[in-house]
Structures are given as structure tokens and as C-alpha cells.
Amino acid sequence: MGFVTTFLSVVVLLPIAALLSASTTEGWHQFWSVVTAPEAVASLKLTLGAAVIVSLINAVVGTLTAWVLVRDDFAGKSLMNAVIDLPFALPTIVGGLTLLTLYGPRSPVGIDIAFTRTAIFLALLFETLPFVVRTVQPVLHELDREAEEAARSLGAREARVFRSIVLPNIAPGILSGVALGFARAVGEIGAIVLISGNVPFKTEVAAVFVFNHIQSGDQNGASAVAVVMLAIAFLLLLAIGGIRYLATRHERHA
Amino acid sequence: MRRLGLRSVAIFYLVAILLGPLAMVFYRAFEHGIHPLWSSLTDPNTIHAFRLTLEITAIAVPVNTIFGVVCALAIVRRRFPGAGIVNAIVDLPLALSPVVVGLMLFLLYGRSGWFGSWTSAHGVQVLFATPSMVIATIFVSLPFVAREVVPTLRELGDEQEQAAHTLGASGWQTFWRVTLPSIRWAVIYGVVLTTARCLGEYGAVAVVSGHIEGQTETATLRVQDYYENFNLTGAYGIAIVLAVISVLVLTAMTLLKPKESA
Amino acid sequence: MSIEVHNVSKRFGSFQALDDVSLDVDSGSLTALLGPSGSGKSTLLRIIAGLEHPDTGEVRLAGEDATVLAPQKRGVGFVFQHYAAFKHMTVRDNVAFGLKIRKQPKAEVRARVDELLELVQLQGFGHRYPAQLSGGQRQRMALARALAPRPKVLLLDEPFGALDARVRAELRVWLRRLHSETHTTTVFVTHDQEEAMEVADRVVVMNAGRVEQAAAPHDLYDAPANDFVMTFVGDAVRFDGQLVRPHELELTYDADETTREAQLDRIVHLGFETRCELTLDDGSPITVQMTREQAAELELAPGQIVLVRRPRVRVGGELPDVVG
């Protein structure tokens, strides 16, 4: 137990403390002015906006994919199931490079979106693809199919069965997958650094902003935005914990 | 009919986003023939990069495995008030950008940092050297073993361990003979995920390493190096080596998953 | 609503669940589908409900062909063995579901839910969640839910199987009473022959995908169509190559040309009756049942050698014509 706390303190907590300390050494006002500098704000807006759009897409496509994997059966399904984890296994920089080869200069299908915002979306879609699928799959698997049959026997049509019986039960799974994907999207750097061009105000995400400002020696600017990203990460973890708590409330009454 | 539609959408999405691009990389790597590919891969700096990646992984994985198992045991078997917070802190690396991690270490071990002044006074090079890269990699790959073991331990319950105690086994014996064997698949799966994360780490080591060719470049950093220096074949070359390793990792994951959740 | 099943077959992979099954259920009756696991009874019930489709054959509800009709359109109420409760809805919302689907006005829905909760004695539990109810309460909720939209047929798939013995017994009585009040055509599946005999007007005995016999309970007992029905419904033992009921045998000390020697292994006192477990001269086990008085008269003790006989005339009735 002591080992755990010591290890965590040294490895995780101390660095966090160092960051918080460095970003507030010159006081709250300084911090605020750095964080609200136009370039910083632009990078945060881009990051959050992209994360939101990507999360919405993931919510729909991820649930659909999980549905196909659990309820459907066809040749190649297990291959498809295995492939979903590829973004977890593949280094992010390789991920970015692979997207660049198909959708960048010299694209064989004629789609060149390198150095555009679309490239950022694509990179984030790649990296966050598995999250919703993997959080929804087990829930879908465990669903009481007879409840759906009961609904049908009571007269509910398929869309209604999905809306009233399936969705409420998989919603927590979808939400936690979305939250994890969102966190990943906000922090992603490897997949983006090659493909987006990192142009300030246009295609510079928060993570790249931090990176560039470390390189250029602007530790204040980098730290300020980094603190915002840290806060977002904490909020998301809280949200995920909250989702888990709410999801089990129906069972806890027993 | 509706089923076919859903299926097609899912397959199309996966091909467009995952498989298509991956296939392209393999094609491009061999586009100019084996020779340029081979010379890029056997460049001494590239070989050093691969070695460095493996060295860092070889340190980070065992460290995080031990931590993960101990932490899981502490969270599940000992009811202590801070368990939820510990859980959240362990999960943090999953939600936090690697660049932010790099920055935090940069601040901590930089010349004016809390540890930085101490280490530079004693001639220990942390930043722009392997030690900081190891620490960074440990940070980002921290959660995986713990997250896999915690639910497994919870589900197992401690009856088996209680039985072992009544039969005379000490704490250590119980751990080795009863607990560890029953969580072994979860541990192995966690190790596979940790290894994949270590091999693929980019953002944090990019910040703390200084990108010094031949000294502090890992395989992933080298990909970027090659690409930015227009050595596309080299970049694709390293990429496919990493991709092949990833596919092996993926295969391991797929094979282990049913055992892990059984 | 009457139910007709004509020549229905259903196969799951290589397993033949139903093999050319035909059945008629009269409107307003209470019928049991009785059989061991794998006999096809649940599959038949689900085909009637529309939750499965038969490979061949047809199903008619109230004379109309309903073989491929969706379950939503059949007007059947279905109760599952493991309740299939809507876990994320309150008891009230569960019961109201079928009514809300039909877009009935709120006031009517509320009134009907109140009526049903009272019927199943769950008034006051309306705002709880299924996880907060006991097994028996959950099943009563499931019944209320199925009855809410006034189905023309009520189908129950081993409804009491997941409950403990006492609750099972209470709910059996309750189901019988419910049926006599509502007169809804009811079909339920069970593997418990006591339950079938106690509750149903008519019992359909099934085995390995086929109907062995469909008759009133006492007819099944007194005039079983074959060995399977005889052994499944009530006890049966083999004596002189024939299947007989234990109480059709008697023990005696007087030998004649029909008696067989047996050793008395064990005497079980079952309240009103006494059951004797014996081993015949050929080594086969046999059971003989008699009243306490008869047992007392014989002064039986374990280890004794006695004689077993099947008398030609049974006290109180005709000797059944058994196909053995």
C-alpha cells in the first residue's frame, strides 16, 4: 500500500505539481492573459471542436459497429473484431503516416486533405475508433434479449424496441466510450503532427501548440495551455466515474 | 435487408479509415524496391533508434507490471478511504495528452526544476537523455496492467485466498500459488497492452528527448525525422516494421481476450 | 381466442426441436404443455407467440392464419421464466408499457395500471424498480404487464421455474383463480407434472419434439397412451413385464401362482400413505404403496421377505387397460 502511494506520488503527482506550480508562479493574472492569447485560444477551440465532432461520429458509428459485431454473423466477423483494436496497437505516428499515404499528396484515390482541418478529423477518427465499440460491445452482449421479446409481444415495433429497451441500457456504455474517445482526441499528437501541417490559427491543435511553445522556449505559454488540457482530462475522468455510478443505480437498490 | 445495410456501413468505415491506409503504407514502403528500404532500415542511427525503443520498453514494462499487480491488490483487497482517488490517478495517463506529460517532466527535471537543479549539480543527465524517456514512458503506460487486473480480482473474490490461509499458507505463498495464477491471463493481457503503448510512445518522449539523432531518438521519433527530411522510404520502412509488430500485438490481444475474460 | 397448430416442425441446426406437431387449444381454456427438457414445449409456445417461425406447418389464431405474423400483431401476452423485466423502468412503467405503445390516454393508462397492480397485489410497489422486488413479485409484475393490453391469449414459459417452492405453490393457485376470473385462453409450459395436473384443464404431454398425449389430467393418469406418459405422469413400476402404478400392487404373506418374492429394503412413511421399497427376486427394484392401516396390519420391517402381487380388481375402480 505504501509502495503504491509512493510510486504514484513520484511518477504522477510530482510532475502534476510541477506543472501547476510553474504555470502559476507569476500569479493568476499572468496565467489568464497567457491562456487567452489568440493563438492559444484558437488551438483550444480547434481541439475541442474537433473532439466534439469526432465524438458524435464515434457515438453513432461505434454503436452501429458494436451492434453488427454482437447481433450479426458473417464470414470475416472475427477478423473485423480483431482489426478494431488496431489503433490501440499501432504507434500513433504510424497511424498518421498511414492516413497520409492514402489521403495525402500522391493519394491513389485522388483525395488530398493533408494540412487541412479534415486531416485532423480523420486522424482523430482513426485513433478514437475503438473506444465506443469496445465499451458498448460487452453491454450489448449482456442485454436481456427476452426483455426485447417482451416488448415485441406487447406490441412495440423494432424502432421502439431499440429506443425504449435497448438504448437506455447501452447509453452508459456509449457515453463512457465517448468520454474516453474525447479525452484521447483532445490529447492526440502523434497522429496529427505529420498530417495537419501544424499551422497556427488554422491547423494547430492544443497539443501541438504546447509542443511548439516548449521548443521555442515559451514555457509559460506551453504550461498555461497544458494546465487547461490537464483540467479537461480530470473533468472527463470525473464524468466517466459519474456515468458508471449512474448506470448501476438501478441495480443498487436491491 | 437492414442487417446488410448496417454490416456494409461498418465494413466500409473500417476499410476507409483503418485498412485502406495501412495497405497503402506497405505498398509505398516497397515501391522503390528492397534496396533503398533496406539501407534506410540498417542505417546505424535507425538501428540505434530501434534498440533504444526496445531498451526503454524492457524497463517500463516490468516496472508497470509490478506496480499494476500491487496496485490492483491494494485497491481491491484492502478497503482504504482513498481507493477511488488512487483509481482516478492511475487512470489519468489514459486521458492526458502525452505532450502535457512531457512538459511536466521537462519542468520537473529542467535546469530550474525541482529535481533539475539537484541532478545537474550531481552530473546526472535526465532530460535529453534516456532516463527522462524511461520515466515518460512509464507514466504513459502506467494504467494498463492495473486496469486489467482490478476487475478480474474483484470477480474472483477472496474465497480462494481465505481457503489457502486456513490450509496454512503464508501471505507470500498465497500470492504466488493462489492469487497470481488466477490473475495470470489478465496480467499477460495487460502486459501486451503496456508493451504496445511503450513501443508506440511519441508525444512525451518527443518533448523530453531533444530528438538527438543517434542518441535520444526512438523508432517513432525516427519516423518523424525521416519524413521531415523527405526520406519517405525510410519513414515507411520503420512504419511497416512497427506495423508488423503491432499486428503481432493485435494477434496476441485477440488470442488472449477470451482467456482474459473467462 | 382459439389456437390451432397444424403439422409444425422446427429444427435448430441439427437438432429437431419439433417434429410434425399438431394441437388444438379451445378458446377460454387453461392448457399445460408438459414434458422434460428438450421436448420442444418452449419452442412450440414461442412459435404460437410469433417469437420463432416454424420451418413447416401453420398456426391459426381465431381461425386466421398467423404463421408468419409478427409478435407485435398477434395480441398475445407472454410471460418469461426469468421475468424479462425492463430493468430501467419502474414497476408502473413496466406494466404500462403495452398501453403506452397503443397510445392510450394517460388517465386510462393510470387507471388500468392501478387495476392490475391491485389484481397482482403489488399496489404500493408501483414506484420501485424490478431490482428492488423479490422473484415472486417480479413475476407478478410480469403477469400484470402481459395482461395490461388485454391479450386474447396468455402464454407463460415455465413461469414459476425460477421461484422457490412455497412461492411456486402460491402462484399456481393464483394463476388458476386469475383464469377463472378472466377466462383468457391460457397456455403454460412446465416440466413439473404436479403443476400441470394441479392447474390445467388439459395437459399436452410432449417428448422429443412430438406430442405423446393431449387429455384432461385424470385421463392422463388413468389411461396413459404409452409408456412414456405413464412414467412421466405419476409413478410407475415394472412388474411382470408391465408398467403398473405402485398402489396397484399389494404385499402379502400368502403365496399363489401370481406372487413374486421380494426383500423389503426400506419403509417410507408419507403421512397418509406408506411407501415400501423392495428388491424383487430377479434383482430389480420395485415400489409398492399402501395405506397406513394396510402397512400396520402386515407388521412390516426392513429386511423381511414378503410376496408381491398385482390383484385382478383394484379397490374402488376398474383395472386400467395398459399398453405395456
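Points to keep in mind about this one:
All chains are identified by letter, namely A, B and C, in their written order; residue positions are counted from 1 within each chain.
Here, a residue touches a chain if its C-beta (ideal position, glycine included) is under 8 Å from a C-beta of that chain, and two chains touch if they have at least 3 such contacts.
Values in this document were obtained by computation on a predicted structure and should not be read as measured data.
Remark: the per-chain Cα centre closest to the mean position of all protein Cα atoms belongs to A. Compared with chain A, the chain whose C-alpha mean position is the greatest distance off is C. As a whole-number value, the distance joining the C-alpha centres of chain A and chain B reads 17 Å. Centre to centre, using the average C-alpha position, chain A and chain C are separated by 54 Å.
Chain B and chain C have CA centres that are 59 Å apart. Annotation for chain A: no residues touch two or more other chains.
The touching residues of chain A, counted against chain C in their complex, run 144, 146-147, 149-157, 160, 164-165, 168-169, 250-254. Chain A contributes residues 1, 3-5, 7-8, 11-16, 18-19, 22, 61, 64-65, 67-69, 72, 74, 78, 80-94, 97-99, 101-103, 108, 122, 125-126, 129, 180, 183-184, 186-190, 193-194, 206-208, 210-211, 214, 219, 222-223, 226, 229-230, 233-234, 236-238, 240-241 to its touches with chain B in the complex. Chain contact summary for the complex, chain B toward chain A: residues 3, 6-7, 9-11, 13-14, 17-22, 24-25, 27-28, 67, 70-71, 74, 78, 80, 84, 86, 88-108, 113-114, 135, 138-139, 142, 193, 196, 199-203, 206-207, 219-220, 223-224, 227, 235-236, 239, 242-243, 246-247, 249-251, 253-254.
Those residues of chain C lying in contact with chain A across their complex are 49-51, 70-74, 76-78, 80, 82, 84-88, 97-98, 101-102, 128-129, 131-132, 142, 145-146, 148-149.
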